[in-house]
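Next up, some structures in structure tokens.
Across the two complexes that follow, chain A remains constant while its partner is chain B and subsequently chain C.
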Partner chain A sequence: MARGNQIQQLMSDVQDPSDFPPQSEVPGLRLLDSSLRCTICSEFFDGPVTLKCGHCFCSLCIRESLSEKHECPACREDDVDIVHLRKNPAMEEVVNAWKQCRSHLLQIVNDSRGHVDSSSPSKKRKRTDESRSATLTDPSTTSDSSTLTDFVNCPMCDKRVKYEDINSHMDKSCKDEPAVTLPSSKLQWDNILGAKSQVKSSKKRGKERASSLEEETDYPLPSKSYDTLKDKQVRELLSEHDLPTTGDRKTIIARHQRWVTIYNANLDKTLKMRKSLSILRRDLRDWETQQKNKTKHDIEDPTAYQIKQKSEFDMLIEAARPKGTPKSNSVTSVSNGHKVPSNRSGSTTKNSSPSVHGGFVEAIVVDSDGES
Partner chain B sequence: MDARLRRVNKEIADCKNDRTSNITLELIDNSPFHLKGSFPGPEGTPYQGGLFEVDIVIPDSYPFQPVKMKFITKVYHPNVSSASGAICLDILKDAWSPVLTLKSTLISLQSLLCSPEPNDPQDAEVAKHYTTSKGSFDETARYWTQIYAGGPGTKEVKGLRGVKDEVAIAGLEKAHVDQFEGLGFPRNKVIDVLRRLNYRGANVAQISEDRVVEELLKS
Partner chain C sequence: MSSRGASNATALRRLMTEYKQLTSGGSPDGMFTAGASLHQSNGFSTTNPISLGPVSESDFFTWEALICGPKDTPFEGGIFSAKLTFPSDYPLSPFKMKFEPPLFHPNIYPDGNVCISILHTPGDDPTMYEQASERWSPVQSVEKVILSVISMLAEPNLESGANIDCCKLYRDNRQEYGRLVRESIKEQLGI
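Presenting the complex of A and B:
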């Protein structure tokens, strides 16, 4: 049960397509939410790029994936390289719009579902859902759905008349003017023009920003062949971008590689979505601390390590020796941590003291007996 | 929260929300990167009716490196080690792709049970059994499903079948069972121990008789 709770906790802050009702209840919404997500990180596309085959991923995700293997993760098309990535600003725009309306839409959907459960029939609910979501996104769909649902052809004169006016229209022997439709079509035009002018203004803003940001270089950083570079040169590359130059060769190369990756991935976003260089530097720092936590430290000289840790090993052996004693937490965790070096020393070195080694193996066996 | 944890969270949530696939995921210890997955044996196969559990370890560089999976439940299958549960499947090795998920990988394991690949075996003995006599292989696989994966008809099998059958179905050699029975151990105990030790084929050379006797005395 405790485990179930843990999973519940993990899940509590997860936003995923299942927030929306299933296809059978509200068609399309869940599908839409999932198709705007990168299949590598399962987040919304962040700087979407398209491959030769047309599959779309976050720029950073696909760059990391291509560094492992040169193929499209979705269709396995061969010989895909970073140079084949193409920005997909249209997708980025859609994702941004969707992010903006998502919570709002979710609320509307949930409200209307709750409403439906209590009283009104399901058919009506579906219609209101559609028209509401349509107003949020596109003026043209609104007009479409209203023509489809609110207007009918008069059986006598074949004119399109509002559904609620059809009876009075026929009572008047089709003599009322089509005044009903005029204002609404004018409204539609207004809507469209209004929408367009909005688009214009936002574009302008983008351009203004572009000019202000033009000092920053827009070109991707070239990837380096580090084998031909000396430590000093790699450090110079790092300091060019105001990055820390500390650490050994492996660290600084990894740092520069990562910097090139996140820098170039950032360039795949539209200007207004890009992160500033200082934020990128912070991201790099966060990534490095994460890496440090992840990598287990390698033990270079197992014999020296064994001698150095002898007192600790002896303590563990002592603690583990009496069979059937309840194992304490500290014993198991430490012994797990040292399992690898001890195995290694067994295979690589012969001068390691046998008593320590043999005793340690025994310690592990005793430990596992206690578990089973 | 890093990207790996976010993605794993979503995958666990996805499995929990999906009730049609019958695939479950649960935590083994406190880490979300060590999980236990389970799926039902595919219908129309000797594995039908069993529930197969898989140990899942999510590596640091997931999803760019494949997940590590091995069967916890013992499975009699050419591409699964009958001793360790290690799995021979391309997508768990070089054919991994970051768009694959825990769910899709578990579904792939399920379909691996449907379609064994004896030409690329993980367990050569089982594969040989599969290619030489499919019928007898199916019977053993069914027996293992009943014994280890909680398949149907566990009790009937024990009651109805003869002793000789039991040896064959457990995938053991009659000569081996006779040999240890000759030392004075009860037959069912011998079968039990030999099955547990996986005393078959090439393993016979590796497991000394002393070790078997030792186990027999222990049990």
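Presenting the complex of A and C:
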């Protein structure tokens, strides 16, 4: 019951590109939102890294994926290794900025769409533009240079005109529309100037960040070849990082491997975004409980499992015996199957669970049968 | 089942995002209708041949898909239900897809499990025929896999057969194959 609620809550919590209106209504926004997401976890990039083919993923996601297979998940370029990962701090900045303005922008977009729906479209189009340029002057979403380019001097009358209105302004031979009269444009300037001072302060923060970036001295942990290490040495490696040293060899190796992965993934983030070591340790602990749950789930009730899988075990035992009997079996069933295939599918359902092996063995048998 | 679901937040969130994108029509092809009311198949049309979503809200790791048989194939007119089972390390590992009831098709095991390269991890290769380039990768999605399965229904891949009888029949006697498929669909629909 509680779980259902939890999922409901999580579900409403999920943000995805389709929060934004489709391309046909507001071009680009949905695309922008989806291109700032990792294609593995479908979340915003968390410590983005780039592979040598140029594809970008969360550091942790791609490290997990590379441990399964050394290829780029997107283009399948071969021989990609963890050493080929390069940090992408620029992408991280973009993602951070986008995260900040996303809900704000979403609200504006939804509001303006509501207006469009409720009244005549031609008039409202203008208002949408205005509200959009109003967001542009918002210091958190833009730099001062882009605000300034919103206005240009009219080459004929030298008046300040909004960039997007300049053509219509000149078409009307500089006869002013109300929007560009002096008081309102002065108001706009005040906005910009006010914004500017705030931009400065945020710039300072940027500088601080840059200087702290230079101080970055942490090096990634090397990956170990555990086969050459004794249990004791692995335990020493763990205690170097204040990690628990309990468990059998398999457990401590897995723990150290995971620690190296999340530690190095954390280093791929800019200093400001990094998690502290204590949080990383907590993450590791959570991961370990997850793993335990998983194995526990697998062998929850051994006897029941044995009874349930008995037919499969028998099948495997049968298959492991000298090939004489199963061969003739499958051949006869093939000839049966020709006439009444639905029957065959019914009869084989029992044997079907180890379909991988069964299918393979059968494939060989029948192929030779077909040729003869 | 449900404890596994709660244990892996990454997989759960990724599944929910995929589902949400399906429901909100975020998919470019617009081929999908996702919804909890999976069993109301009366909303089906040729433009919406698929319905897709979790079986229940308490278990996001089991989905059900309803697929309409593609046009101009023996499967045309049929509606096939399949169960998708997701592993707890999704999307690193692919999900499993099983037609219930089983479908008579060269690439579907007699028990209903689908044998398609896009659902195989690079490690396991039951047929030894598959190119690594067509295997599962974490950037694949439910949507892409279902599209592949639909095209597989139309064009069976005899190199990696799962139902050998059906493979032989398809190769040697295409007409009979078509007749049997149509018959099984009729039987399934109760006509």
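The rule is short, and it goes like this: the second predicted complex is superposed on the first by the 190 of 372 C-alpha atoms of A that agree within 3 Å, B and C clash if a C-alpha of one lies under 4 Å from a C-alpha of the other, contacts with A are read in each partner's own complex, and residues count from 1 in each chain.
Definition applied: a residue touches a chain if its C-beta (ideal position, glycine included) is under 8 Å from a C-beta of that chain, and two chains touch if they have at least 3 such contacts.
Quick caveat, the model's predicted, so the values are computed rather than measured.
A.B. asks: Contact-wise, after the overlay, does A:I40 reach chain B, chain C, both or neither (first, second, both, neither)?
C.D. replies: both
A.B. asks: Please work out whether A:R76 is in contact with chain B alone, chain C alone, both, or neither, and reply first, second, both or neither.
C.D. replies: In the superposed model, A:R76 contacts both chain B and chain C.
A.B. asks: In the superposed arrangement, which partner chain does A:V14 touch: chain B (first), chain C (second), both, or neither?
C.D. replies: The answer is both, since A:V14 touches chain B and chain C.
A.B. asks: Going by the touch definition up top, name the partner, chain B or chain C, that contacts more of chain A.
C.D. replies: The partner that reaches more residues of chain A in the superposed model: C.
A.B. asks: Tell me which partner A:Q107 touches in the superposition: chain B (first), chain C (second), both or neither.
C.D. replies: neither
A.B. asks: Which partner does A:S223 reach: the first (chain B), the second (chain C), both, or neither?
C.D. replies: So A:S223 meets neither chain B nor chain C here.
A.B. asks: Hey, what residues of chain A end up touching chain B and chain C alike?
C.D. replies: 3-4, 6-7, 10-11, 14, 16, 18, 39-43, 61, 64-65, 68, 71, 73-74, 76, 290, 294
A.B. asks: Quick one: in the complex, what on chain A touches chain C?
C.D. replies: My answer: residues 3-4, 6-8, 10-11, 14, 16-18, 22, 30, 39-43, 61, 64-65, 68-69, 71, 73-74, 76, 289-290, 293-294, 297, 334, 337-338, 341-342, 344-345, 348-349, 352-353, 355-357, 359-360, 362-363, 366, 370.
A.B. asks: With touch defined as at the start, can you tell me which chain B residues reach chain A in the complex?
C.D. replies: 2-3, 6-7, 9-14, 16-17, 26-27, 30, 32, 60, 63-65, 97-99
A.B. asks: Using the touch rule from the top, collect the residues of chain A that touch chain B in their complex.
C.D. replies: Of all residues in chain A, those touching chain B are 3-4, 6-7, 10-11, 14, 16, 18, 39-43, 61, 64-65, 68, 71, 73-74, 76, 290, 294-295.
A.B. asks: For chain C, which residues are in contact with chain A within the complex?
C.D. replies: 2-8, 10, 12-14, 16-18, 20-21, 24-26, 57-58, 60, 88, 91-92, 102, 104, 109-111, 113, 115, 121-124, 126-128, 132-133, 137-139, 161-169, 180, 184, 187
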